[in-house]
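Below you will find the structure I want to go over with you.
A, B, C and D label the chains in the order they appear, each numbered from 1.
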Amino acid sequence: MVIVLRPNTSKEDINKIKNKMESLGCAVSETIGENRSILGLVGDTSKIDPGIIESNRNVEKVLFVQEPYKKANRLFHPGNSVIKIGDQTIGGDKLAIIAGPCSVESEDQITSIAQDIKQAGAGFLRGGAYKPRTSPYSFQGLKMEGLELLKIAKEKTGLPIVSELMSADVLDSFLEYVDVIQIGARNMQNFDLLKKVGKTNKPILLKRGMSSTIEELLMSAEYIMAEGNENVILCERGIRTFESFTRNTLDLSAIPAIKRKSHLPVIIDPSHATGLWWMVEPLAKAAIVTGADGLIIEVHNDPANAKCDGQQSITPQRFAKLMETLKKIAEIENKTI
Amino acid sequence: MVIVLRPNTSKEDINKIKNKMESLGCAVSETIGENRSILGLVGDTSKIDPGIIESNRNVEKVLFVQEPYKKANRLFHPGNSVIKIGDQTIGGDKLAIIAGPCSVESEDQITSIAQDIKQAGAGFLRGGAYKPRTSPYSFQGLKMEGLELLKIAKEKTGLPIVSELMSADVLDSFLEYVDVIQIGARNMQNFDLLKKVGKTNKPILLKRGMSSTIEELLMSAEYIMAEGNENVILCERGIRTFESFTRNTLDLSAIPAIKRKSHLPVIIDPSHATGLWWMVEPLAKAAIVTGADGLIIEVHNDPANAKCDGQQSITPQRFAKLMETLKKIAEIENKTI
Amino acid sequence: MVIVLRPNTSKEDINKIKNKMESLGCAVSETIGENRSILGLVGDTSKIDPGIIESNRNVEKVLFVQEPYKKANRLFHPGNSVIKIGDQTIGGDKLAIIAGPCSVESEDQITSIAQDIKQAGAGFLRGGAYKPRTSPYSFQGLKMEGLELLKIAKEKTGLPIVSELMSADVLDSFLEYVDVIQIGARNMQNFDLLKKVGKTNKPILLKRGMSSTIEELLMSAEYIMAEGNENVILCERGIRTFESFTRNTLDLSAIPAIKRKSHLPVIIDPSHATGLWWMVEPLAKAAIVTGADGLIIEVHNDPANAKCDGQQSITPQRFAKLMETLKKIAEIENKTI
Amino acid sequence: MVIVLRPNTSKEDINKIKNKMESLGCAVSETIGENRSILGLVGDTSKIDPGIIESNRNVEKVLFVQEPYKKANRLFHPGNSVIKIGDQTIGGDKLAIIAGPCSVESEDQITSIAQDIKQAGAGFLRGGAYKPRTSPYSFQGLKMEGLELLKIAKEKTGLPIVSELMSADVLDSFLEYVDVIQIGARNMQNFDLLKKVGKTNKPILLKRGMSSTIEELLMSAEYIMAEGNENVILCERGIRTFESFTRNTLDLSAIPAIKRKSHLPVIIDPSHATGLWWMVEPLAKAAIVTGADGLIIEVHNDPANAKCDGQQSITPQRFAKLMETLKKIAEIENKTI
């Protein structure tokens, strides 16, 4: 951590800051410039709240050297984390392909889609039972009934289930019915929920908030890991920018960025990122060659009549064709599907 | 709602869409252009999920005419809403000035600040008991003890209490201890929490998410109102942009925008918007002349040693001086403090 | 174009607007809703300035149906444009690989790099002679001497030259020395410059402004094409967002978006998008599988001593290795390099 | 400047970097941390291109201590700059009110508006002769004829003229006809144009690019000042964000930010920032209380028939009323109009 002081800060005021930093366990070295002095801090600064330093009126700004996360940091865990889900894994040489509808709508719908995607080679079934919708008047999901239907689909296909948890109220049911708990983009900084899932040992699929930086995503992972649950899978699903052609802007550079900074696996959601079914294929391919550990893709057997997000869902037929292409791409990357 | 069809959509496919729209209760008028046809929908479209229409592969895009919110919409409630909190109000001719520290730290701290801001003319005391922090290693608030201390501060000063609720687990305590429940920016789309506070009749201070549009803010208000609680106060607290000089970019044009679209009161948080104590004064003044119904300002008696956000807190002395200036400004706006 | 009227607009005022629209050559159909009426316009609206309509106080908003560009629009030119540069092309089945240093620094440097990239399979040499730099104190390029050196490199390798034009003052020299004129991101809306290059028949590589929408990029292409020069190649090079890990955020979804809307070729600049040499490889691959017609990549033989942008330049050795990988990727896409 | 090194950089590699920095005239102090070492640079680093340092593969990042601008920096010029334009000033206790139409349309139009705004108390007349338009098919301004008409309006009212220069081709005419040369947002980084106006002594109104940081705005001012012309007036006119209710998001916090960092005057353009005539009044007032040195406001005598931007123009009547309010506001700020 580097502290830049305001011009003309007195020797006495500098010493006060140095003493405070030393009391927090840091060694401090001072560089005196013509206009501004700077203090370099050595030691573990990851647990120092920078606001505590910036609140000093003689401090112009605080510059970060060390990342503020520890458990998610590759520096202290050089190898890639591989998360186990039943006999499947996410994070190794086998790409994790998660597919399924935005919402569970009926037994027929979810089992039919599950069977189709399984046949095409998907490894996991996604399906929303509790749905975060911008409007209170939109379909909010089948809730518990949805979880029951996912269970049936799992029994028929063997596919592990990925579903979004919106409230700790139903965490127990999720622990029973679901194999990977998804924390959605809108709840990425719902710290209470993060702590609660951090106390379980269930794998967590943590989606990047639509205006969250990569560092904030890693800090939210740190919340879960700090409670003891290190089974965290990160997911980039588009960030909010000025461009409105796509619903969000898929930030594929987040993949190499996260890979450099963290050991956690990263998957990509091209469906929510673009909101456009015809962009799913090119961006799914792009994710794989950029180094993603997997994909989460919306598949619906009747998109035009889907209860939500039909415009970003592809049909099982198109999904099967995409899987063929992805297998070729994976080979070039020395990965399998 | 206007539906723009893809070029060369067949007459038959157009009729299918028309029939579907009519089945949803809309009258449909068709305009046939050289390259594209468009369908105009008449009727209450606020409860139609646009995704359901966009999922049709012949639909190029859906353009909105009507706002998707009803209870928050000024069109159906032309007068300004005035929210009552004890013998105070928010939304009328008297500006609501909410002040206090980021976090409650001790009885001395909170009562001393409460007395100072009361003397300076503030109407409400804010103080965080449960704190949403980016890092799990930062101070997370005194929790229940914080609520107890706020209660003491209220007893000593009579100031109603504003505090942030992060989890429905402690909603009952908030209903008992707090006069206005704040929903923070990070939880603006925590729909589960919105529904739960919507089932109470406690005034809700709903902060705009840092990457939420004005329409999304109004939709989140609609979530609360749709459950029966119409005591919603909106708060603009800065949006996330590319500019990093300030922590966020305060969007003051949100005030006239919201005033035009909704009858709900709007207050401004210049402290969180900028993250810089020396910007609080100019932007607080700006908020008032732009039509805000009030302000929420961080005040701390010892910013350099505050447990959080000291860099954006002003001292009680500076706050008292600011209040003098705000009174003059309010007069020009035909308002009082 | 659809005009949404303010609630309670009088019949008389509606007629005034209808008459004005009809005088501009449009047929107008009216849809009368409970709260708001809307006017649908049929005819060529691409040349109607929406501001002229929105300036009417009874108009709430104008919604677009038709794209505002014509010559760049795929609707009127369904096949892909293929731009010819000497015996090379951009836009067909052969990917255009443009490589070279940020700045031309010396004859040795530029000819050495040119020979290396040619051997690796690049089709074009890029090199800056006139450099747009944020600081007036940074190296501004060798200017005319740089163009002379590029000419020498072309003579030695046969590679066509791509270089950025910043000012119409030197357009004549560029017409003589350069094969593709690059218009940089900062000049994407320098309309005067666009018109001037539009009067030539030189191929133009038009970079997307860092905060320009895809539609604005196409409108800038339209400026050039409207003057008669249809040899426009578009380039996505990252947009400005809140994320600061990378210099900009590469928007790969712009490729399928542009391909759907326009017939012009699109290439990707992963070097400027990320500002990080180690991200060039993954994002270059991603661009190809997303449908890009080519790449523009910074290559420097001594990045650590480059006069500009060394941190985003890769070495000729690394470039040669990247080309091997790209060839395999291209094959899957049924393209060649 | 602080250089953060990659983990495990060797002593030898550190010394190479230290030597390079010393050769650029800096003293270097080294702080050795457990995981990363940092180098603190002392001396004038404003002319060091950070890219030159970041290009070293052992450098993780470069953190800035000193601002990269000198002539625009308040550190070296503590007092406010006051720019003289005839017998008027911008930057002192008298607020500069610049008003007039988007485009000059006819002699009647411009002289009538000029007389109206003068009577209401405006100090300067704005009017576009050369217009930057997104579409090549929109009205592009009356060009030289527009400048002639502005001259007539000046002769009739004595108001100095502010008009936008888009191309150096007509700089000589602007030097003759215009009192303040405006550089538009789209040309803020047209460095060639900046250098050319920097060689004159005409006051320059430099608008912030819609996606430019405050620091980049100051760097563009530095371009002009480095050529010898220190008569620069900065203008905030809205930045591009995800919010689309307003055309851009007016960033009023830029005023205190710029005032802290620079001595140059700052004015605000609420018309372009919002694109909505009914937002001009509240935001104009807000600008004054936030510390702006003036305003530039679009006024048109017939907005519904304006050739451009009628939706953001106010009538002379409304402008006169606004001026009355602004006078009261100015008084509170100890300023005059």
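General observations
Here, a residue touches a chain if its C-beta (ideal position, glycine included) is under 8 Å from a C-beta of that chain, and two chains touch if they have at least 3 such contacts.
It should be emphasised that the depicted structure is a prediction, and the values quoted were computed from it without experimental measurement.
Set against the C-alpha centre of subunit C, every other chain centre is closer than that of B.
Remark: subunit B and subunit D have CA centroids separated by 31 Å (rounded to whole angstrom). Centre-to-centre separation of subunit A and subunit B, using mean CA positions: 26 Å. Centres computed as Cα averages put subunit B at a distance of 39 Å from subunit C.
Within subunit D, contacts with two or more other chains are made by residues 211, 240-242, 244. Judged by the touch criterion defined above, the protein chains are all mutually in contact, each touching every other. Against subunit B, the residues of subunit A that register as touching in their complex are 46-47, 49, 51-52, 54-57, 68-69, 132-139, 166-169, 186-187, 189-193, 195, 209-211, 216, 219, 222-223, 226-227, 240, 303-311, 313. Across the complex, subunit A is touched by residues 2, 4, 7, 29, 31-36, 38, 40, 42-44, 63, 65-66, 75, 211, 240-242, 244 of subunit D.
Every residue of subunit A that touches subunit C in the complex is listed here, in rising order: 211, 213-215, 239, 241-246, 249-257, 260, 273-274, 278-279, 282-283, 285-287, 289-291, 325, 328-329, 332.
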